[in-house]
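Chain IDs A, B, C, D and E follow the sequence of writing; residue 1 opens each chain.
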């Protein structure tokens, strides 16, 4: 039997992590057919997936996440894997926020691979030291530090000018400026009043200011190249999810020493989560179905969750994974997740398609991208957000 | 001279790609874009061919390269041949409505390919051809015919009708005339079509990624994956080497047969 | 070998144009039929229909009593030579000639024998291994002819086979085609727009205009007794002269009144024509005199001809003075152009008799060969 | 208007081929020079050199005493008409004609006047707003000519301007060109490979072969006294007949011995030629008799001609019997082909005198106009 | 009809041997038979799919085709989207400039190459080779060259000219022009080849005639040769507008529509909305708009051309 998995885990740490899964599957006698489609934040992958589904030859599993799982569920092409879930007692080991996302109409149709925290700020302490700056905890401090780095002749903020990266910074800023409750109202419930509120305008103002610390070559730069700038000491700070850690690890860097992982300014009480998951598609033949269940079990197994997340920089989606090998960043992530899930600071990442459906998310992303790449005023941007939120 | 200056502009990207591909990473980072490589280093080529990772697999471009060959060669041959026969009919066996057929076919050149993805996927699925080289070939043939027919028809129009008449009187039938009289005359236009179709099909990305599945992924998709797959640092030299490898067959075709290209165009493919 | 009949044939192209409007022609086995006419009159269309390359819209084409309307070209037992020769450019001369034989499954040895024989007849043996691109125009023409002969068809079709050759070669090839026909005696249909070819080659000529046969007859018949002004003007080089004028009866003799620089000269009309004219001429007595250049000549030549009446009819040419406008020495004769009441008149004179342009000259009109036409219907009066 | 001299002109193409091998020609102001010769003999090359479109390898070209070797075409004050007419396809007829004027900065009003005048002369006024693609062959020819006339150049160059027209039109346009030249009197160089055009149009003819001028003279001169067998065969249609044979002195009279079906007939040679022959003939006494078809005619016509000696020299034609192989009626005359010792002989006879092929016929040879050649050097004996 | 031909017993055509009649029928029907698969394929795969897309654009389709009718709603949504108008405007800029510059450079190169210069073969190959590269490769190479931190700008800075600035790739106002640069680089060689072929077809004697008429070489090209290339212009326009309107790979590889959405073009727009954003209906509507643009450009062009050709006949 074999499983075919469509994914776009192609950069540094991701690719290594995917390779682990392949190894584990092959150890269980299931061969792995790699259907990697890189580029464009999964755009090509989604196109290919649609073509495959329409052709009636869906892959065993595909990297789909968040509300999209529901959308696919509506199309009736996902497989029910409750069998594996009961057997593996997933309900018990998955936090509610996670398991909700994995279910369609109360049945498991997808397996979570990990939980990413998006609201991180990655810092090169060397650079800070050279510039005489200290690690920021809020935006005021952030801009002080940024000014110093800039004066030292280095790039303050490493960034890649792609819409999803713009959105990543944006959501961290909104979270930092407005707090979790505001974030929830604005970017999850899309409340028009919140979207066009002074807070939102302030968030845009902040974003506009951050823009001034970004080098002009950022346009089109891949995130990992931006991360590389931190690693090489060319730049001081980067807003990026915890997958950036994979790049640091791959470069042999130690957390706390060679780099710092800080919550994005003003968001230490919050956690934007981004769950990677594999949605399971209906496959034909008992053999294939068995392989699919094996895949689901393997993905959920603590062993896999451990190695995968060690490589990728994220934290396991399930409970019961040994914390021993995880580094300080990951441990902080785990703790914060626990804490925020109780305090209500645990919010879905809008930039990574966890909060709202793809049409609205895309529309908002367009607004942010336009704001980042033009002289649009904050007021206009806020108004545009209201309009974008109506997209269908 | 002006022409030489222009030539430099045209050559610059190729030069950059070539030199970059034989530099080491350190040299690239330290040096200038136009610097000549200090030492020619073929490791990047080696790696691009059979070592670099595309997604989880780390087999380089080689397997995908052969996928492309297996797909492109038959697709080019078949679409050219069909185009040739079609052009022959449209130029020398006109019937009521053949002009309309021709115009209608021409419109086919302009359909945006994104439009056809979903319905085509469904049809391929029904035919059991999805994710196969055969399926990909089929798609390329279907959307290549419009252009090849156009080329051949315009070329064959310049072949005197009297040749066909003479052969008919000599007793030859439809296919015999095609084989004995028309085909031997068609070398220049075949070259044009080969070049055009091969370039189009070999360089296609969209169909490859959508209909190629895992087994039939062509080299362009692999190149894209390779360029986007990185382990820490972007290996520009490997990427450039890969890009050149992916372009080698078409480049080679242009260099070998480029002469025929202009000649074939001159011989009649140009006319609207 | 076969006779050919064309009965009420009409051709309407899909675009609705009626190109042939009821053609009737009959030739016997072995005859040489010429289709002649201006460009676009439908000659090629008719030939293509005989060949089976175009469908017949109406009527019937019969080759040796068999209606071939629905017979495909390859089964009609014909061979055709095209204006552009239509040699297969990628084949050698030998292959060109044997192509049709090969298709008809003639054994290879036999093919070779035929090709060699044909090549010898046409003196192209040394060219057999060349490609058409390496042949001169005349050589190509020969090969095209060889390809036609090789098959030994019962009907030859030629579509302006000589019009791409230069003047000299055209004259030579014309004679060769005629000799070949004399030898092979294959029924032949030959399209041309060159009236000299029509005159010299044909047993029968069909003069066409706008899809209608204007006259069908032997060359000499058409030359001497054209049915209408179109045929009269078309056949003969230089063209027949046409002069409009009145007839005048005087002293038992009908005259044509030639108005000229304010004076009128009376040209007596021979008896036979006079009768027809009196019967058919329009009420106002105005008719068109058609007279060929060789019948308007210098007075001396005319007088000399009169002396020995061997061939000329017993008729006394009338002499008229004129001013020469232009002379064209062709070698054996010199053409002299002059004007009568704004009508250009061409005469054929002895080279030494022609006066210089601007000089006066005395011309002799021999009306015994003249033809008269109705100026409205343009039909010959007879 | 200008005279034209070509002095020792040679042309070597970059590929090393020597195409013109020392050409010398002189014509006076207002004369009409014809360059005639087979395909590839270098006529167009020479014309292009006169136009300045090709460089001169050696020698000099003088237009009105000025050496123009290094003068660009536009400053030579010439106009040229091409075989393909070379009309500018995207311009209307009016624009075509006025293009050269515009470039020479002729005021627009003036241009219009010139175009209108030219158009009227050529009767193309109604075509002025059409594009060349919508014109017939003859109309295009006229426009090309109009373009040349409009500029009123001092030298006209024509490169086979009529060869794309059909026979009928060619004859008409030929006369028009001649008339135009008579009116404008512009010095003209005219390239053709049609010897009839050469004869009828030229004041002077240069017959070329392989880059060498074979003979340069007036049309009648070249026709009557060709310098060699090439010129003799090239000029005249149908071609001059050549017969190889011995001369025989008998009773004070030199004879040409015509061997024929085992018998020999003696053809007496007129006195003047006889002298030259005796002086120049090769030792074995074998020479080539060149006689034009119109001087071998049916016996009756010959006798008739003899009666009135107005133009024919006092010479008694010799009658010979032969078998007719082929006849070609052209209308005014009929050509009769016969063979003497495998040499084809063409005769021009009265239409009614020609016998049927295969029948015997009595021919009369008029040697007074014959030309004799050295069989080796092929030069005329005189 | 039947005229005075009493004799000649006419053989009925039915007595023609069957095989012969089949052969005849063969030659009449074979052409249509041979063409029919193509016609069928084009009906299905081109027109069928266009119809399918047209229908989709009238439905509420989101992630997957959904056949409930929604009227023109998708179109009104589309026209409400700023991003659509940005991409349309970009297509205008890109298409216009790309076609114009390709035409001019292609024509100039062809005219210069036509002057019987040495090296013609080599130069021709150099101008033509970019055609051989896929847009993916072209995009990657130019992205690198135009990248201010890596390519041209850095190079010139290294040479000491630090004022030099070539940052179009990352400037949202200028990014679309970099697409033009790369597009021209790739396609102008092909245009050159087409024009060269056309120039070679121009009757030599026309040029001679113009020389005799007194025109200088530039005048000859301007007034006579280039106007005579009209049909070639038509082909070139056809091919170039085809490339421009379908340009997807190039933009994707070079700027991916960025910075932001500033270099977005309709092809990318429709791709993203149809496949990434789950707004298939909207994507279909944009595709229909693209198609209509194509037709709006092509139909008059083809009409004019055929009319011209028709009159010339």
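The criterion applied here is as follows: a residue touches a chain if its C-beta (ideal position, glycine included) is under 8 Å from a C-beta of that chain, and two chains touch if they have at least 3 such contacts.
Protein names from UniProt, one per chain: B = Carbohydrate ABC transporter permease; C, D = Sn-glycerol-3-phosphate ABC transporter ATP-binding protein UgpC; E = Sugar ABC transporter permease.
What you see is a predicted model; the values in this text were computed from it and never measured.
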| item | value |
| --- | --- |
| Smallest count of steps, each to a touching chain, taking chain A to chain E | 1 |
| Pair joined by the larger number of C-beta contacts - B-C, A-B | A-B |
| Chain nearest the overall C-alpha centroid of the shown protein atoms | E |
| Geometric centre distance via CA averages, chain C-chain A, whole Å | 92 |
| CA centroid of chain C to CA centroid of chain D, Å | 24 |
| Between chain B and chain D, centroid-to-centroid distance (C-alpha), Å | 58 |
| Distance from the mean Cα position of chain E to that of chain D, given in whole angstrom | 55 |
| Contacts with two or more other chains, residues of chain C listed in rising order | 72, 74 |
| For chain E, residues that touch 2 or more chains besides their own | 23, 27, 65, 150, 271, 275 |
| Residue numbers of chain A (touch at least two other chains) | 47, 50, 54 |
| Complex contact set, residues of chain D against chain E | 48, 51-53, 72-74, 78-80, 82-84, 86-91, 99-100, 103-104, 131, 133-134, 147, 151, 157 |
| Chain B residues touching chain E - in the complex, by the definition given at the top | 2-4, 6-7, 9-14, 16-17, 20, 32-34, 82, 85-86, 89-90, 93, 95, 98, 101, 103-120, 142-143, 145-146, 149, 168, 173-175, 199, 202-206, 220, 223-224, 227, 236, 239-240, 243, 246-247, 250-251, 253-255, 258-259, 261-262, 265-266, 269-272 |
| Chain E - residues contacting chain B, complex | 23, 26-27, 30-32, 34-35, 37-39, 41-42, 45-50, 52-53, 65, 105, 109, 112-113, 117, 121, 123-138, 140-142, 144-145, 150-152, 154-155, 158, 185, 189, 193-194, 196-198, 200-201, 231-232, 234-235, 238, 242, 245-246, 248-249, 267, 270-271, 274-275, 280, 283-284, 287, 290-291, 294, 298, 302, 305, 309 |
| Contacting residues of chain E [partner chain A, same complex] | 62-65, 77, 82-83, 143, 147-150, 167, 169-172, 175, 252, 255-256, 258-262, 271-273, 275-279 |
| Chain C-touching residues of chain B, taken from the complex the two chains share | 96, 160, 162-163, 165-173, 176, 180-181, 184-185 |
